[in-house]
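Next come two complexes, and both contain chain A; in the first it sits with chain B, in the second with chain C.
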Partner chain A sequence: MSLTEVSFASVVKSQFRYKVKAYLGVFVSLMILQLIAIIFSFNGVSSFGSGSDSFSVTVSRYSANMVITFTFLWAFITAILLTTRAYRYDDFSFVTNRLSGSLSTVLFLLFACAAAGISAMLSSFLLKNIIYFFFTDITLAGGLPQAAPGEFIIGTIATILYVILFSSAGYFIGTLVQLHRFFAVSVPGVIFGSLFIGDQSGLGNVIVWINEFLFSETSFFIFISKIIIFSGIFFVSSFYLLNRLEVRQ
Partner chain B sequence: MSVIECKDVTKVYRNIAALKGVSFAIEENKITGVIGRNGAGKSTMLKILAGFLKETSGEVHVLSERPFNNLKVSANLIYVDDQMSLPTSLTLSDILECAGDFYRNWDKELANRLFDYFSFHPKQRHNNLSKGMKSTFNMIIGLAARCAVTIFDEPTIGMDEAVRKDFYRALLKDYIAYPRTILLSSHHLHEVEDLLEDVFIIKEGKTLLHVPLTDFKEMAIGLSGDLSIVNPLISDKEVYHLEENGIKRTYVVVENNFTEAELHEAKVKGVDVSPVSSSDLYVFLTNKTKGGIEDVFNRG
Partner chain C sequence: MMMSIILLAIIAIVIAGVVKGSGARKQSQWFSGSSTKWFIAGYALFLLASVLIYQLIPKTDEVLKPEITQEEMNQFYNDFHNAAIKGELDSLEGSIKTAEWVFDYDQPKLHLRTKYSNHISVSVVTERKSTNDGTIEAYYYTGVSTAGNIDISNAVSRVDLELDGSTLELMRPEVVERHFAQFIQEFTITQFSEQKRLNNGHHTHIAPEVLYLKIPEELEIVDYANVLWE
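Presenting the complex of A and B:
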């Protein structure tokens, strides 16, 4: 039998195609989660009312923030899921090495995160439509892309980047758990612990620091760089750790 | 040219040694049976060759490369067993299509013909198949992939008698049409012996024997007769098996390097000389004690 030569890139490409087909369930769970979030958003994110004897006013704000938050959660959990044994072992039924397997998984994750970010942003229109037709008497809709297309695009890119950041964190944590079961207990411990460490106002509090560092960045360019560096570190260190892992012991 | 070469390969799983120094070389386009008892280290050895596991020490070369994390080896070697992990979200026909995307030599027509012959439904899912059906489906992938090195690790688990026969027949036919290096592991030597050119026996993590099957068949001889007559005959031979056979009678299996004259003399003295079937010999060779299970019950 003649030997075949394969290039790394062609294997990754085949694996990516294979994963888009095989991991379709990931998108189903995304849809379900976003629909649930839309239903939760019917209440509005804030509302206030005032009035007198003859009239009353209620102002409610509706936004897709809940959908976006749920999408972060989805990205985190999906990334952990893709590091589990069943998914990693699937690679090894066909042509693969460890790096091509992890790389194609991460490419799939990036693809899924982009789709998730876009659909999360677009869900705000669905929400506004539902509110307009079923819930309120008068709707003053704002935030339409026609009004500020630039902002909408920046918002979508930022959402996608956040989703990617969450998935990279999930991927890294999932990898640690695959390396040793010790991490399955200690990682949640550290995360919950860090909620309580330090001063609530910020000094020494990791959560506050992360919030300031990543979620309050005003320069879009610096924000993009920060996210790329952070998720890059997570993904690359996962590649390194997964590269030594044995399969099907 | 040796396609597979191993030198002093060991594998330790958390303090338990699964392989304790296995060395062998397998030549191109041969069908080799990897035979051994449960837990002898067959699967561990084969998984190291496939690059799933990393050897603890020693040298492993498949197609002149180290298999762990090697794309060239992965593209030219397929490892098939009953625990092949395939996505539950894909239908069987999707899986075959994906496999075709990965393997350059993939024979789509053969895959489809086997698929129909074994009456799979294209919309079935791999995780819903019965044990035997799973093994059969995996076997289809293994054959159609046409990899230069094809490893079947206990491929017939769960298959019924008819499918087993079909499988061995299909393997042989496809091998003749497209010769390649095939490793076939099994507990049942008698089932695969018609197929094999070489046998490679692993016992307790070590190479016990690696010889052509024809040599293996003639390696041993069985003698049964009176203790006082048989014992002197075998004093300088390697004894593979020893069993009491009635009062003061014994049945022994020893290495066969008797001359014609010696055998003739033994027969005259009243010793029964009989050939030993290869599967019996395999059992004797891989037994931990010379008497087998009998020793457990012989407390005297």
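Presenting the complex of A and C:
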């Protein structure tokens, strides 16, 4: 029996601090993947061309879209990784319960997602510098675009929110897998299966639905609301499910 | 679609491998605890330095116009050819006179052909002068060619002319190969801005070409093809 009373908030805070210091590997994988994505982006995120027997024109378009997409997948997989038993047991270094452990993990994920979103957007400058200084045989059309500060901030917030959504989905799926190994096979099966079946039947295509619901949303405030609602559902569901797990033996 | 799903799956597997390999903890199978902090700090500084360097690059005010639509291009083709037949290309908006030649010529017949026996799809319009002044005036007109919203007019090779005896030879000076780069905003920015349409175009429009010849009153042109009007 301890004579020291520790509040729930201070436990969460301590666990969050511990995770920020201990889980630096998360940021290393982020860094590696973003650098890989930047290298892949050297070919352009899209290109098209035209020609005849007398001329040939190729246009390559460059942006950090691939870095952002890789960051989404990183968030999804990292969140799954943090739900595994080895990482959940880290919480038992503290006087804790399942809720404080989950909450601190989610706070850490939010922190990591913010860092990932910002670095993904900043990587666009790195990519542009490389193309500008080293790909000198290419004619730069349209000059060097400079997003207005307001636009860049909105883009960065949107990127962070997308990353959070992907991490919340990963956290939820990781939690399901922790509940029962059956989900480790069934969830990817359902996701990829629906993509293939939806592609052939034209119905129920998850990618089309996500594209229309999220990526085509032009109102920033509605977009924020959608992300908060969906991420909230994923995280709260995960808290509920994790609470049902057996205590550590 | 199927290919993109498979590609996505492969990328996801690679990313999973990197995430698993790095691990979440400071000490992983790839990095020691002390080096991890330095790697992360170095990367952050690298990104911030990139922002600073990018701001120092002098920017030009080159503004790209929205992509020309197929309807607009079709309309321009019609207007261009109508103006060519009427001899009004100088006053047509969008028409550009990029070259002109004057040849001294006093023979009764002129042969017109391509120099290297290859096909050159340029329309030739001739206008007979009211006098036999002993000169052939040639004017080359075209318009703006675009790829997406990029002006590629300079990348499209022009027709050149050479007078060899009694033959006026058309040629393309060289095969032009150009690679353009265009920086576009990230989709998380364009999703909420008006720039989406500007970035999406990927159609190429090559402007029509007309070689306008002003020939002496009694000169006869032979062996030529693709003449619009005489």
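FYI, the second predicted complex is superposed on the first by the 212 of 249 C-alpha atoms of A that agree within 3 Å, B and C clash if a C-alpha of one lies under 4 Å from a C-alpha of the other, contacts with A are read in each partner's own complex, and residues count from 1 in each chain.
The definition used in the following text is that contacts are C-beta pairs under 8 Å (C-beta built on N, C-alpha and C of every residue); 3 or more make two chains touch, one makes a residue touch a chain.
No experiment lies behind these values; they were computed from the predicted model shown.
Asker: Using the superposition on chain A described above, determine whether A:Leu81 touches chain B (first), chain C (second), both, or neither.
Answerer: second
Asker: Quick one: name whichever of chain B and chain C touches more residues of chain A.
Answerer: Ranking chain B and chain C by residues of chain A touched puts C first.
Asker: For A:Arg17, is the partner it touches chain B (first), chain C (second), both, or none of the two (neither)?
Answerer: Touch status of A:Arg17: first partner only.
Asker: A:Phe152 contacts which: chain B (first), chain C (second), both, neither?
Answerer: second
Asker: Between chain B and chain C, whom does A:Ser60 touch in the aligned arrangement: first, second, both, or neither?
Answerer: Only chain C; A:Ser60 stays clear of chain B.
Asker: Quick check for you: in the superposed arrangement, does A:Glu5 touch first (chain B), second (chain C), both or neither?
Answerer: First partner only.
Asker: Mind working out whether A:Gly25 is in touch with chain B, chain C, both or neither, as first, second, both or neither?
Answerer: Both: A:Gly25 reaches chain B and chain C.
Asker: Just to be sure I follow: which residues of chain A are touched by chain B in one complex and then by chain C in the other one?
Answerer: Touching chain B and chain C on chain A: residues 21-25.
Asker: What part of chain C is in contact with chain A in the complex they form?
Answerer: Touch list, chain C to chain A: 1-2, 5, 9, 11-12, 14-16, 18-28, 30-31, 36-37, 39-40, 43-44, 46-48, 50-51, 53-54, 57, 59-64, 118, 147-152, 155-157, 172, 175-189, 191-193, 199, 202, 204, 206.
Asker: Which of the residues in chain A end up touching chain B in this complex?
Answerer: 1-6, 8, 11, 14, 17-18, 21-25, 86, 89-90, 92-100, 243-244, 246-249
Asker: With touch defined as at the start, can you tell me which chain B residues reach chain A in the complex?
Answerer: My answer: residues 13, 29, 47, 51-54, 63, 69-72, 74-76, 83-87, 89-90, 94, 98-99, 101-105, 141, 146-148, 178-181.
Asker: In the complex formed with chain C, which residues of chain A make contact?
Answerer: Residue positions touching the partner: 21-29, 31-33, 35-36, 44-46, 48-50, 52-65, 68, 70, 73-74, 77-78, 81-82, 87, 119, 121-126, 128-129, 131-132, 135, 137-147, 151-152, 154-156, 158-159, 162, 192, 195-196, 199, 215-220, 223.
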